[in-house]
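Each in structure tokens, the structures are laid out below.
Consider the two complexes below, in which chain A is the common component and chain B and chain C are the respective partners.
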Partner chain A sequence: MEERQSNKAGGVGGVVLLFLVGFVGALVVGWWVFPQVLFSQKTQPIRFSHKVHAEQGLDCESCHTFAKTGQFLGLPSTASCAECHPDETGGTTDDEKEIDKFVTQYAKPGIEVPWLVYQYQPDNVFFSHAAHTGFECTTCHPDVANMDSPPPYHENRLSGYSKQTMKMWECERCHASMGTSNACYVCHK
Partner chain B sequence: MSAAHQEFATKWGLVIDIDKCTGCGACMVACQTENNIAPEKDASNKLRTLTWMNVYELKNGKEFPQAEVAFLPRPCMQCGNPSCVPVCPVVATDKNEDGGIVSQIYPRCIGCRYCMAACPYHSRYFGWFDPVWPEGMEKTITPFTSTRPRGVVEKCHFCHHRWNQAKDAARIAGTDPNNLPDGAYTPACVEVCPTGAMAFGDLKNPKHKVYELSRSKYAFRLLERLNTDPQVYYMTKRDWVRRQGDNYLPNEKA
Partner chain C sequence: MGLDRRAFIGLVAGGAVGTLFTPIPWKLADDAAIWTQNWPWIPRVPRGEVTFATTASKLCPSGTGLKVALAGGKPIMAYGNPEHPLSQGGVSPIGASEVYMLYSPSRVRTPMRKTGGKFEPITWEQAQTELMAKCKAAGNKVACISGDVGGTAGEALSAFLAKVGSAAMYAMPGEAGPAAAGFKLMGGQGRVGFDIDNADCVLILGADIFEGSGVSVRNRKAFCASHPLGKEQSAKFAYAGPVRNHTGAVCDAWIPVASAHLGAFALGIAWHLLKAGATSDAADMADFKKLVESGYSPDKVSKLTGVDPEVLAGIAKNLAAAKAPLVIPGSEMGQGMGPGSFIAGMSLNLLMGRLNKPGGAVALPELPAVFPGAETPSEILARDIVGYLKNVGEDKTAAPEVLFVYAANPAYGLPEAAAMAKALEKVPFKVSFASFMDETAAMCDLILPNSLTLERYDDVATPYGSAFCSLTLVKPLIAPIFDTKTTADFILDTAKKMNLALGHDSLEKALKEKAAVLAKSDGFVAKDVMPWQVMAGKDKPAYDPAGLWKDLQAGLAWVKVGQVAQTGLSFAAKVLAALKPAQAELSLAGMAPQRAGTPATGLPAQCLTAIPDTDLKDGASIVRLNAATAKKYGLSQGSSLTLSGAGGACPAKAHISENVMTGVVAVPMGFGHTAFDAFSKGKGDNFLKIMTASVEDGTGVTVWAGSEVKIA
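Up next, the complex of A and B:
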């Protein structure tokens, strides 16, 4: 047996209200809650200030260098940081304490710092820094030279990739506008 | 994605001298290491193995003392008119880059294996198992070629990453990455071959050794009459070997 009921209590207004509440709720979940849940937030192991180093007159290439073979070496090693920071400062400011943390935890025991790289690509992507030296670093990277603290790193909990990683459509759009080939193996391996 | 013949300014090609090949298999080993092909649990089951580079044994079919053997290393031919490309329903494989190397994008491949059925050279392999490296051996994994999960098709790509590396080296040295000298880009199999049976380079560049070799009267290609236009050439002075390069009638001249 079937029983049909009409919504006498709320009428049309109630239905519209319910719909609006559901609609706004869905938007909040989709645009705010889900991204919050999807990405975990991590901070760098050392609060490295690019700004302080840039103010010393260092440019990006002083620490982020190429090998003679053309490969981009990415991040500097602990050893190269320790060239300037071999010993604890013994200071009490936040900056000095951070330097000492680096020296005691990484430089002295000779351990590489597990930096979080905002732009790491999946392992089937080939990216040539050598081919892109005509661009400013900040065309693709965050302008860290003006930041005293490194920005938080957002990791996708499902894929494990950084939120800031350049997406395929961004690579393709730039290649198309520059007249560069978008053949599969230009960027994939 | 088209069945039409593709031509590019650069044409990477391999010339393999069958008369020099001893069948030692060093090229196969080098290929597996270079391209992260995991050691297989049971490599005796040839329907399940992955060999981007595979050495075939050829026999002249005669009794001793006339019996002769030859060995034929078989990579992907990077066909000018690849049979595998137009059949792929998801454009996971394509011939669209200068150099003419036929690409294979693993995350895009749905594992339907149409391309395997289409390839006349058996150059393509399906991954039946997830790659597993025995403990300690995972240290041999290179960053050059991405590893493949089970369920997709893979094949030789002339160590394409080595081309990228050669171009990067040229860029940093200030030379032209689009006009590499002979030997700047060499696949692992060619580099490792102890008898020097393989030569690699741009088939269109007269300064490269393969230009001359591929135009030699001893050079031929496999199943040439299918018009697949392979970028891999073979050389031999032995008529019986050459006759095995295609399906000739008994009275036909190779």
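Up next, the complex of A and C:
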């Protein structure tokens, strides 16, 4: 009885305090712990340095090309990388070792590198790069030209998509702002 | 301060409210919705550059040239090749299925040997060793049933049989067989084709030329060209047959005639043509005239066929008035016709002087063989496979010791299936080269899976019905997905190891030699000028013979419009005189749409959604009868019935349709598989098993088109 009265005495203030504790705790879990749990972190099979290649004077379209049909080919093939990196360097620097890893594991056996693509759209989305060539690549993609290592790839454990996959609302907002149709069939053929 | 109930509720409430201000509920709901779309069986869109390559369909008998789309080197879609004369951009459902069939669950993925009633995987080396031992022990008692005798691969098999001293090479039934046998009986030389493109009046006797008969894709294009939208048509088409099938439905007229009476119907037209003064310099013209005048007067033909004499006269009048009339004999289901019916139909072309003329029937030369000893396709096609197997089953003919089954499924695709299966069981060692686990493969002792069209070298040589000779290269667009081999390559290697070398190490080399031989002949590469245009008088285009192989690899077709001059061609009046049109109270008419595949492919999975519920409903076959026939047998829409014939019985449900003539029940073909996969099994029934294989008077060849059936 005495104890209950004590609680009653601490009553409203104690409840409010614990409410706040729960509230803040949930915010911490929701904004910090939850993303850690929801996304697994993966690294690219080859530590490709966009920075080194950009410094050689290459721009995005040098490797991320369009076919004659207008189809965006996305990632370069192993064969096209091997045009510049056909043989091992035999070097000892980290960069040279990484090049040698590419040559021995992928170029010489003729295996495509299983690159992790940050922004693959679902199969039910028809996204045409050709229709968006008026924009800078970095409008939608992370600016990797200054990165010596590819950013980590975060995979959603539940949906299987990359964390960077552009959501439909983002497409729609841009379309709306540009005065472009947001009709279903524009993207869902 | 302790944590009492109220405090706990406060903590939880705070947590709950706080959670609403985090991504947890919203992100989880969104991701869970996406997660539900991620089932492993959902097909994924292949990534990679979309490129196009050319080849030709081997699964489809129409010889369609294909343009295949590949994503990242993986085939994703097959289209018709716009530059190919037998396609012109058109494609059949079977041709379109070439990509999907690569991944069919019923594909045989590795060589297999039956041990204790079950198949076990073995290596190609083990299989070859066993096969060589069996062949050596069998001597010349080796036979082959092939679904592809026209191409170079069929030539290799024929040459192998010739090397071991056997002439037991048989082709699966189709329209090419009776045509070859019939033309031979007429004293004809070469293979018969039909120039639909240049004809202005076409009478089709049974043949479903826009669906399963001959070069159907080419035929459709020719029909479309003669029937331009919004303009006057340049050719009349009439279809005579027991059911208004896909061909009958688009023709300008449908004349209901039972399959067994198509020959008599043709001779009834001949009566009118003779009356109008038609004649021929054939040696037996007088006999033919006498036969027709005495036995096929309008009254007699009308009484037999039920065709109004005036309709008969009208058709004859149209043919006689046309500048380029053409008659195409055949069977509504693409098989089961007798050579006698073919001769009767061809007699009209002969009587009208329409042989080897633009818009007429043409006699085409055989393509040169590159395997010494191989028989010509016509020689093989003229043999009676059903008669042979029937005799084997009844012990009238000795069973071979070893049987090869190539691109064929005789345990399913022949009439009186039970009798055919019994005959096959008498063969001690059966080898199937099937790509799919079909009914015959399941009976065999050894399965040596053939790579599919997109995985192998092969060719398509002058498909039946084509008005010009042609050769199209089939080339591998991808490496074999499973542990399969090109059958011809395996046979060549086996022959070499048995000291029976056939002259080539690989089919690719044989095809190169064939191209080199053809380059020296009087053909050309069809690209800007098509062969039917040359037949109509246009100049043959010049081409570089040295570049033929390269052109073939580019998907172009080598073509030749030369025809075989006939000496001693006759009406085979004696054969016609012996024909006795069968009279049946109720007869079967098969409908064989290409969407139901072939006996060797089973039902292509992607075609299932295109099968109407007037063919198949709730797993049951739907058969079609007109109201008069249904009334006679007390049937109505949806009634259950059982059709019975010589080989057994088939349950079905009735669909009332006036597209079927009285006294005929039209049945869908291509169903009732007991092998293959879930897409083919347990769907309807195989009506071939109740078709009666009888002997045609005058020719002695087995026929089953229009066979009698009873309703129980």
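Throughout what follows, the second predicted complex is superposed on the first by the 179 of 189 C-alpha atoms of A that agree within 3 Å, B and C clash if a C-alpha of one lies under 4 Å from a C-alpha of the other, contacts with A are read in each partner's own complex, and residues count from 1 in each chain.
Criterion: contacts are C-beta pairs under 8 Å (C-beta built on N, C-alpha and C of every residue); 3 or more make two chains touch, one makes a residue touch a chain.
Remember, predicted model here, so these are calculated numbers, not experimental data.
Steric overlap between chain B and chain C is present once the structures are superposed on chain A.
Judged by the touch definition given at the top, the superposed model places A:20 against chain C, while chain B stays out of reach. Looking at the shared chain after the overlay, A:94 reaches neither chain B nor chain C. In the superposition on chain A, A:123 contacts both chain B and chain C.
Using the contact criterion defined above for the overlaid structures, shared-chain residue A:69 touches chain B and also reaches chain C. Look at A:136: by the touch rule set out above, it reaches neither chain B nor chain C. By the touch criterion stated above, A:183 is placed in contact with chain B alone, chain C being left untouched.
For chain B, the stretch among 4-12, 130-138 or 166-174 that collides with chain C in the superposed model is 130-138. Common to the chain B and chain C contact sets on chain A are residues 69, 71, 122-123. Within the complex formed with chain A, the residues of chain B that make contact are 94, 96-98, 101, 103, 105-107, 143-147, 157, 160-161, 164-165, 167-173, 177. The part of chain A that touches chain C in the complex is made up of residues 3-4, 6-7, 10-11, 14-27, 29-31, 34-35, 38, 67, 69, 71, 73-74, 122-123, 156, 158-161. Across the complex, chain B is touched by residues 66, 68-71, 122-124, 126, 128, 130-131, 133, 181, 183-186, 188-189 of chain A.
Contact residues on chain C toward chain A in their complex (touch as defined above): 1-4, 6-19, 21-24, 27-28, 31-32, 34-35, 37-38, 44-45, 47-50.
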